[in-house]
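In the two assemblies presented below, subunit A is common to both, partnered first by subunit B and then by subunit C.
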Partner chain A sequence: MSEGLAHVVSPLNGARFDGLISVREMAPQGMITLRGDLAAPAIKNAATGVGGHDMPGQRQASGDADRAILWMSPDELLLLLPYAEVPGAVASIGKLLEGSHALVADVSDARTGFELRGEGLREVLAKLAPADLSPGALPVGEVRRTRLGQVPAAFWLKSEASAQVICFRSVARYVFDQFRRAAQPGSTVGFF
Partner chain B sequence: MSTRLAPNTPGVGRLIDRSKQQNFTFNGKRLTGHAGDTLASALLANDQVLVGRSFKYHRPRGVVASGAEEPNALVGLGTGNRFEPNQRATTTELYDGLTARSQNHWPSLDFDIGAVNSAFANFLPAGFYYKTFMAPRPFWKHVYEPFIRRSAGLGKAPDPDARDPDSYEHFHAHVDVLVIGGGIAGLEAARRAGEAGARVLLVEQSAHWGGRAPVDGGEVEGHSTEAHVSQLLAALEAMENVTLRARCMGAGVYDHGYVLAYERLTDHAPALKGPRHRLWRIRAGQVITATGAIERPLSFSGNDVPGVMLASAVRDYVVNWAVSPGDRTVIVTNNDDAYRTALVLRRAGLAVPAIIDARVLPADSPLMAEVRAAGIRILQGHAVDHVMGGKRVRGVAICSHAGEGGAVIEEIPCEAVAMSGGWSPVVHLWSHCGGKLTWDETRAMFRPDPDRAPTGDKGQPFVVAAGAANGALTLGEVLEDAVAAAERATARPRTSDAPQAVAQEEAPLAPVWMMPQGASIHHRAKAWLDYQNDVKVSDVQLAAREGFTSVEHAKRYTTLGMATDQGKLSNINGLAILSGALGNGIPEVGTTTFRPPYTPISMGAIAGAAVGDTFQPIRRTPIHDWLEENGAEWEPVGQWRRPYTIKRPGETTEEAVQREVTNTRENLGLLDASTLGKLIVKGPDAGRFLDMMYTNMMSNLKPGRCRYGLMCNENGFLMDDGVVARIDEDTFLCHTTSGGADHIHQHMEDWLQCEWWDWQVYVANVTEQYGQIAVVGPNARKVLEAIGGIDVGKEALPFMGWVEGELGGIPVRIYRISFSGELSFEIAVKAGLARHLWDLLLTVGKQFGVMPYGTEALHIMRAEKGFIMIGDETDGTVIPQDLGLNWAISKKKEDFLGKRAQQRLDMARADRWKLVGLETVDGSVLPDGAYALGEGENANGQRNVIGRVTSSYHSPTLGHGIAMGLVLGGPDRMGEVISFAKGDGTTTIEAKITDPVFYDKAGEKQDV
Partner chain C sequence: MLTLHCPCCGIQADETELAPGGQAHLTRHGPGSSDEDFHDYLFTRANPRGVHFERWRHAAGCGKWFHAARDTQTLEVFGTYAAQTLAPPQHIRDAITERRPDWTWHASGRATE
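== the complex of A and B ==
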């Protein structure tokens, strides 16, 4: 990619807030939507080749900070990779899947990511999301597609004290403002 | 007088800390209480017996109860931004600095002018509004209503300019077993469920655990009830799978185990940080309602005089808060439980001159014997004839219960009356989601029918009532019932027996709905059922005589149970009176509907985080900040904000819009079009799929080309429109309207997943991946050429084509499409780079007269070109044929969504209103939405209409008003002048029917 890359901005310019937990908008991250038959070897190869990790099981995330594969639905994966690598990866997946029915789309700029850190993160999320976020129902490494307040979002825990959240770019401010409220000092619930 | 008992009084004041004094004010009077007091106990300790005035007659009212059922002691709490009306003193924990005001009095609580209503009580019977204020009609608005509004009503609405400074939040919790109520039954059930391994949440509305058990006494497993409660609590606190919440009320039970609980975090200590209230949104596998029971008042004359209280409340005030209701308390009862109050009062050194028991028992029950042994006089078969006193009790007059009253046997001086009419289980939460009740003849109570519980998604019962809430009234029964409830909720048999309880046996109660039994009208008209809404025994009987035989109708006619306490004390007594008046059994009359919330919850808790900047999501484009900084006047488009216009200092909105249109037509305009929906449709069947989605043909579109398309729903109505670009053989990019992306995405997935599941098509919504900037105007090409990188010449990028490349080093896709009639390029760019490109276009565009424009300029330019707008020209009842868009409806295609519907008679009839242009004769602007007038009137006496305006603007390009509208036979009436009605309904404005394309009919400007 050309000189444009230097000008890429995230919607909140890396905003952060420290309260019950710390909330930080992440730098632009590469994200590729891959839809297809997840059992097909070509799809698996394409996903693991770019994602750099094994295929995740149902609802799972497999990967590390730089690179991961997220199971999104029975026919959809989300691949996470460094932002700059996306155009190359889209092209190479396209080549790999030539002739098979699949959809590959760069969605890096359509979303923004937040990193949550702190022991109380399950509670902060549970103030906004209707899903069951207890450790039994949402183990570390499982992706939950749900909503935060009034907008769709997905998140998964990397550890009990660290989680990543993905939401649409246009509502980044709304999601961040909600986190600021939900993580306000003095609002610990003590449920999980 | 009511007062605080001395510190050395045995067995009193278990909840207060006398070492901590707390100051508060009531109606400006400075008073003191102790930590642990409720506002009600502190008021009583200060001899503030009179706490408010009633709704209709402004009768003096005092504290009746000690908990959530309290109907009288409602106060305005706090001041200014934190003022809240109708707060119950009995559930308000005292804190230092609390400010309370009594309600519904004028000019003062002690001397109230409205009390004169009481003297005219005969003229204010049930339904008096309906009867009295019907005629003459204009009197309602100008005479009756203002008067009633001033004299009636509870509480005062907060100042409209007040803004709640506190924060509130929601919390979602999922549990196996939710136990509502932290009394002895709830604690036992929670412990059993916890031991069974269930994830348990136990909520208790008050600040204390154990409910009535510590006050009512008895022994469990050799310990006092108080000690037993402590043990249960300790056991629960030690369990990892159990969460306990005090000050958290189960508010409502809904379908599928959804329950709302209302936690009050800082009401008792406003200095604490954090949210004030938290609304728990709970999903529970099983709900145990251990919500206890509420004591019923007795209906005798003067039962509303301050100082008349529930017998259990009197007990609570003495034991919990060391408050004496008066030196002498007369007890009136139809059951044994009230005898406990006599013993408590006596133990605290207070006098009980007599117990008036309506029953005549063959032999003394154990409690009765104990009371008699304590030397307290018991008058069996007697009743209260009337209570003496006005603003406080002075004594009671006694008569025989068998008579009609009036034959007073004795007058007993006293300061307080403790009454007990038996107990009603709190069945509210059981009933919210459809749990049915059964009438228990022996105990004279409605209790939950376990065979007709609320059912969940599989038809399984999901609510179990436990303890007193299930009709169990003695300590032993309560504990056994709690264990049984835990068994049902966990579906596991008990692993140990229920704890053994020792409590005194009680003789059965006698149902007493009116006292004395045959009370005369004079007595009944002073016997209150609903204290808060001033409904008396005589009112309900009158309603029955007037034909209100349904309990729901009688309730609304008399307003029984319709106040803020929702009839917690009056419900059963009222329907028993109704049943007596109708000669029907109580179970036949039935109860009114129990609806959530159990007691009122704050609006703030309901809103949660949905206030201020998080009231609702506002979607922002990547250009949003620039627009905001440069004078955008925002308008909502779905959840997006788009600039109506970008105003310069000193300009009016209209001037700004006209400037933007003119500059775009003459030089160069920039539009943030990022909000346009963008859907990728891909797969071997994508073309076939889009042929079904759009009315026109898409499958024969060539890669590199664009086509405008219309989308209809299956009823044939026009739903969305936009430009489709074919990216490659298998891939299309469909543009939708700004608000339509999510809906159209769902629409496509619906058809793919439910109807054509075997078609090979994937859809992805990439709306937010791209910022989209429209570069519009005669200089559009020049600015792109100046930036450089992509050949945008007429041959390389013809009209309705697209190219990809790097513009000034920024990867973009450029669509050559026009919604303005000008030379126009829409540039899609990664959202993270959109602002960068926008800035670049502004900088380089300066030499070409660049100027951003907003949605109103966009609208005017498209209207000048006769382009339709979804939502203006369409409203859900318009088909493409109405808009003259037949050219975009394929005749070759075998099928598309809406095709069949458009062939129906009504759709195909010749006299549908059709789109035309409209030009006012005087050049003015037609009012948007104005109707075109036809001849004569319709059957309703309304003027016939023959069309309406769908879009209307002043065209700066043409210098006069232009409009589009749907007109009967419109396209065949070119040149005809028709009349439109203005907003006032009488003035008309003349307009000529024209072609809807006002500007550049040949389309030469966009094709250069």
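== the complex of A and C ==
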């Protein structure tokens, strides 16, 4: 296993761009999709046990840099955890949910993540997504699933100057190039 | 541009975040039905200028289906509601009647004014 992990690379190999904000592709991150009845105690226990944080409310993210639980839809959670812990976590969730109607899938290699840093990140995201990025509509800690340009993505603000974006691995280059253009120096709009 | 409130995740979703699902509240005519019913189920759709009921999917968002009642002429949205209904709920009908007093609901899914 450890031999295999040594070869895990993110699709853009940690690409970075500094403009209006800094955009950095994150190192491979463990992600587990958990679907089922989110009100069921078994699902809650499995999610919080592996996610290490409280159950998030509608559209909320609860967690820190290492571990988080994201509310993705009325019957779907995304658990973020260190990459190497995923196989064990999937097995233990499977055991906890034995007999209940649920889906557990390791999606770590299907996705990639970007970290945005800088005061202008609401503006850069607003250039790419048809979402209301105003602080009132998207408070810090709320997950917004939408599209960036032509591809689906999810993002949430950890603070006013730090955000995380998740998209499909296959479109990592497209998303990164879009950020590079949207964050070009001198392209401030000043809306927010 | 159309903006619909997704009743599943509570987001004000832009039209480009949604996938259209066509006319809502169709009655399915499957095996055993008459040729005419089956033909109408497959091909005949209401295309009103005015009140219309549609299915939409929050494709780039939570991924869930829902229903929307809107006016095709003015783009006014009367409301959105759960996909798991066979007919528009009362609060949606009330909202439409308030704006379009002559409107009546027909079980076939055709709304007339």
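Here is the rule we go by: the second predicted complex is superposed on the first by the 190 of 192 C-alpha atoms of A that agree within 3 Å, B and C clash if a C-alpha of one lies under 4 Å from a C-alpha of the other, contacts with A are read in each partner's own complex, and residues count from 1 in each chain.
The working rule: a residue touches a chain if its C-beta (ideal position, glycine included) is under 8 Å from a C-beta of that chain, and two chains touch if they have at least 3 such contacts.
Computed from a predicted structure; not experimentally measured.
Applying the stated contact rule after C-alpha superposition, one finds that A:Arg35 touches subunit B and leaves subunit C untouched. Of the two partner chains placed around the shared chain by superposition, subunit C is the only one that A:Pro74 touches, whereas subunit B remains out of contact. Using the contact criterion defined above for the overlaid structures, shared-chain residue A:Val107 touches subunit B, although it does not reach subunit C.
Applying the stated contact rule after C-alpha superposition, one finds that A:Ala131 touches each of subunit B and subunit C. Once the two complexes are laid over each other on the shared chain, residue contacts for A:Gln58 go to subunit C alone; subunit B is not touched. A count of residues in subunit A touched by subunit B and by subunit C gives the higher number to B.
Once the two complexes are laid over each other on the shared chain, residue contacts for A:Arg145 go to subunit C alone; subunit B is not touched. By the touch criterion stated above, A:His7 is placed in contact with subunit B alone, subunit C being left untouched. Annotation: subunit A residues 130-132, 137 touch subunit B in one complex and subunit C in the other. Interface of subunit A with subunit C (complex): residues 58-59, 72-74, 76, 130-132, 137, 144-147, 152.
In the complex of the two chains, the subunit B residues touching subunit A come out as 167, 169-174, 199, 243, 272-275, 278, 281, 283, 609-610, 613-614, 616-622, 640, 680, 682-684, 760, 762-764, 766-770, 806, 809-811, 830-833, 835-836. Of all the residues in subunit A, the ones that touch subunit B in their complex are 1-4, 7-11, 28, 33, 35-36, 75, 87, 101-103, 105-111, 123, 126-134, 137, 149-151, 168-174, 177-178, 181-182, 184-191. On subunit C, the positions that touch subunit A within their shared complex are 8-12, 14, 16-17, 59-64.
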